[in-house]
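Each of the two complexes below includes chain A, the first together with chain B, the second together with chain C.
Up next, the complex of A and B:
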């Protein structure tokens, strides 16, 4: 999972006041929502690509581009207007601001993202749009094809939700590969490989459903909203698809990347927080189904952005075992602790964390989060060494594999999460304290 | 503030799990020995952790408290012992913040004699609108066919008022004069009160003693068409402005008579199923499912928007009005050998003492409560197996302070013990040092933890709240078996009512090919075939199975 973003301190809005939605006919058409914050370097590229994509692929559809800027001070909105040549096609809206947006730190995304997304979706509903496509204003690699690949399944093939798939080096996006994807797939029964992506397309029917969901004001919505919309779609009676868009690169809003502990606390915390709200649904889902794929295949494998020091990951695991084992005993059963102990002393080259063991660890942490056996942030941060251990094991297994074989390895892991799902359900339904005293 | 869930789902009550509590008994925040709204706010985290979704508050209005608050002297204020209106608003916001709905009492049959309406009426000239807020007579013989409800304390439904120089009508205590719904001004007053509380944000009302609103000569004065007309008028009023508002009728009647309180879905949303409760106790003691199955088979269908309210115990006695004389004798012998436990036509005891503190029997009855068609109501303290004190008079023995810890006063209040509104339970079995929330929260195998798990499980399956009910009829009558269905969901419930292990063969051929998955442990059982499905159950054991089709 990318750790990107910029500190939101000092942000003041330069956007125009929210306008009433004008009467330009969009009924049955397409709304493209752009979310931005300090994206002057990229918003022109994104806006141009959207405009060209609409003209090229959906010229016969009424369409509107809606920009919701969250208080940029770098002329982001002006750059977007310039990119459209002052044609007046850009509908600029300001999301309601709240102090809590600035308090949800550290967070390196778009301040008030949930409110910004809500603004776009509510506008799309008011305009009676057939589909809505969301883009983040910080993407550098967007092309006019993206809008076609995302929106066409909704507009022409009655899909309700289309999530992007961005090819990544086998070591990149590991938190998604090792936890988010397997967990979402096992629980909700759909094989969306990158379910927390910033870009997506949705149908008018799903927009209504999203807007009726009780998730916009939840604690942590700023961080979790992308993932929650995907699980919301997966939990309902909707058709889901996936569009391969090619490589995604973006400009970083943050001065420096978030540390792993914070990233895990935010991403995994969002995922766990969502489980309780949808327990009645995911406990009835059995197995999983592949989603239909759209888009393009990458011509070349994406380059690795940084080298990974496996020995350092293993050392992090070992240190975690020594320092956090007592914490883990609050959520992990003795059998798991014994299995983890076996990994401490072995040679690094043979370091392997079994898929089913990893799945049970994640499930036990989800249950510990639900039952609040420890302060939630402490609990989530104590997962970091275990994740490091899993990552080291994963890299050792895939570093000599082809991209396809590495992808298959992720699929095998996801299958293990599915196989262990009854373990989670039984403990979720009838939890017993793992440790007394 | 979080959005109030009841406004998002107008039929929230069908999926609710209700927790009934008297504010005075829950937690005392100002050390005066009486529970209050600030105290209740402090304990909302506990209620939320229990998993219930709705609070039903017993009367908290200004009152002389001669009937524990059901004698109301001011409908739009808070009894000063319990706090202020601002405290109530803070409580309401805090409850909604936790996604808890709040249902309050609406005593519309009668007021306290201390109510200004009555004080005005007794001095007003006969025939005036003010006088006619109540029911008056020159004799005490009118409506002679109406039974006396509180037979242990009242000799007549009429009492002479020396100020008015007339008799006034009361179906309950003599200090609770009945309102006169033949006077249109009365209904208008009550609708204003409804609006007042709904404006504040409450989610519904428990309508107390609804069968007795109107009187007619030559009738029992119970369940009259004119009474239903009043309730329909109230429903119309709330439906127009407050579509999320739920009306729960207290009508201690036979199911066929209670059915009328649902109307065509245009009267009350919910009503208690009074006759079911004693029959669950009877079936358990007889070790025979017959009383339970029989009463459910006599229960008529109700409109889709309506729901039964189910309970094991509440703030009143275990009423035996809706059983015949033989059944009543049996219940007295089975559950109240001590005459001190009897009151009116009932037994004033909590669940745990009725069950002889047998954990398995408490669990079994709760499994029935949570799996029968309707919305379950848990009475405060029963989730930890609190006891009672039958020597406290009236029904006060089941309204003792909540037992939070083993500290002084059960940590209900920091006041001197002598100041408490009621003594805490102190006997060796049920006393607060043995039975309290703190110890059960720390004990992973406590009744409290069990209840939390059961409540959580129930909430996962809408079929329990809204599904249909079909009984199976295996040869062994000690085993009660039924299927709850909703859409494609089917849940098989099997309960052993006896103290010994029981075998049972079930005809599940309608589910051939299905896999029963035991719900508590998510354990697959053998696939159902055409042959009888054989199960054994431990003493007072029960199973809930999801019947899953694996081929789709």
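Up next, the complex of A and C:
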């Protein structure tokens, strides 16, 4: 490893997040945190790419690789050590674990992720690092350039937070494109297109800010921490950037992927919970600004998605309208229910869920979440048929478009969320009007 | 003769006066208790109405599944709770008053009713909790089934709801000691019959369908797993 001053510390430390590490050769340098859980197949690849990236691009900077494993049983840590040639350059830490983490698999697949991230960030602070870069250990397509594109804006251009941008097939990441990105952009005024991404880079100043935030022990932190850190950076006085890293492929953790209802409950629930906690901030924000882009466009096109059965999505929406309409009336105003009714009988080819209507639906659900008009899990899961309807409409609109035109379609949707933001603010301030209008 | 008649009259009047003297304090206490209970009941009814309206109780009760629209359209949940509390306080005042009268029969009646009240309250609590649980489960199953694309989601949801409600009602009746043996037998027969019917239906009529569904479940991932939504 070309980085200077790395101490040899291969032993696992049962460190609490705040425990100081043994040496400080990274003062003003770079800390790279690897998060892993059952990643024996890929962790070697990630570790090697990080080591090479540090050697190639930051050879003159003190650096340290920190591995925080969340209890793998497949020798993930040993594979990481092997990838570094047993040189002892790896600092291994174990975050505190809780039994409750094992009860429900989070959508990102790492139980206790907030504790693991806190451990890395606290270590970076103890090492007085200038920047910290986080990588997920399950990525198959990571290259040494990633660390350059993520860390350089922080190290050389005084950016505080660099989020990755992975080009994807228009149908992939639909929840991010159709809800997470537009909502984060409308609320916090920054155009981070993939705010829930697992990888990111942050400055020493932002590390202090993150560690001083009271989000680490909140309910749902282990699931929504990626999003919460991004919104924390977006709602503070920090410089944000976005690095195009190329295509991201990863191996799935666990035997079975989560069902759509659970995924939506986790992702959207995290976002709504954060929105509730930052209400004072986002109500003052108006408009949005683009963030500076780094990195490079991929040489290869995003992989073709699996075929999507649009008719099945529309049928899911229709079934939802038929059976869940009574539940939706607790959340959505009569005007919206009428608009949704119009979509039920039309031919599938002309199925269109208007951007403004979708934005208002999301805002009404956010308000319903805040007011607890239903048990929150029920509320979030009842969003699934509406999301299916939006997804069907989106696919019908973009399936014949180029990737650029599809991206533009997402930008138009995000603009609609911005345009409808006064609707959310007025309902948030005067919730007694929830069931009228 | 006249003396004897006069003495009898005196004795009778003394007995009447004594009886009245014995009865009057109890009657006064009875009236005081009744009036006191009426005042407390009125105050409680008024306070409860104000408090529950302030807490938006009607909307919350409807969310929990306590909807009265089907049974008493003219009464809201708030009015019902306030009225129930009003009549309970009045009834308690009446029962306490009866014990104050010191008459054997009314007192025994009052004591036995008062002893029964905790059972009634417990049965009512079982019913309310059962109703809430039934509503919660029914909604969870309805949403889950719709998200899985089950066409008979509502039927499934209603089945679970009424199953839980029936169990709660049976538990409540059992608690107050009404038809204990009959209930036990009825439930044994009902659940045994339902399970047997389902087993026969699956075993004889839908064996192939179940086999295919299980095979599909084991071999293929869920259909919506193909797309990475996040």
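Just so we're on the same page, the second predicted complex is superposed on the first by the 405 of 437 C-alpha atoms of A that agree within 3 Å, B and C clash if a C-alpha of one lies under 4 Å from a C-alpha of the other, contacts with A are read in each partner's own complex, and residues count from 1 in each chain.
Methods note: a residue touches a chain if its C-beta (ideal position, glycine included) is under 8 Å from a C-beta of that chain, and two chains touch if they have at least 3 such contacts.
What you see is a predicted model; the values in this text were computed from it and never measured.
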{"item": "Fit or clash between chain C and chain B when superposed on chain A", "value": "clash"}
{"item": "Chain B versus chain C as contact partner of A:315, first or second or both or neither", "value": "second"}
{"item": "In the superposition, chain B vs chain C on chain A residues touched", "value": "C"}
{"item": "Which of chain B and chain C A:400 touches, first, second, both or neither", "value": "neither"}
{"item": "Touched partner set for A:426, first chain B, second chain C, both or neither", "value": "first"}
{"item": "Which superposed partner A:345 touches (first chain B, second chain C, both, neither)", "value": "neither"}
{"item": "Chain B versus chain C as contact partner of A:214, first or second or both or neither", "value": "first"}
{"item": "First, second, both or neither for A:375, with chain B first and chain C second", "value": "second"}
{"item": "First (chain B), second (chain C), both or neither touched by A:176", "value": "second"}
{"item": "Clash-bearing segment of chain B, relative to chain C, as chosen among 1-9, 433-441, 451-459 or 469-477", "value": "433-441"}
{"item": "Doubly contacted residues of chain A, that is, touched by chain B and again by chain C", "value": "none"}
{"item": "List of chain B residues in touch with chain A within their complex", "value": "2-3, 5, 8, 444-445, 449, 453, 456-457, 459-462, 489, 519-523, 548, 550"}
{"item": "Parts of chain A lying in touch with chain B, wherever the complex brings them together", "value": "212, 214, 217, 279-280, 283-284, 286, 422, 425-426, 429-433, 436"}
{"item": "Residues of chain A that touch chain C when the two form their complex", "value": "107, 171-176, 180, 196, 256-257, 259-261, 263-264, 267, 305-309, 312, 315-316, 319-320, 323-324, 327, 330, 373-375, 377-378, 381-382, 384-385"}
{"item": "Residue ranges of chain C in contact with chain A within the complex", "value": "63, 136, 139-140, 142-144, 146-147, 149, 151, 153-154, 221-230"}
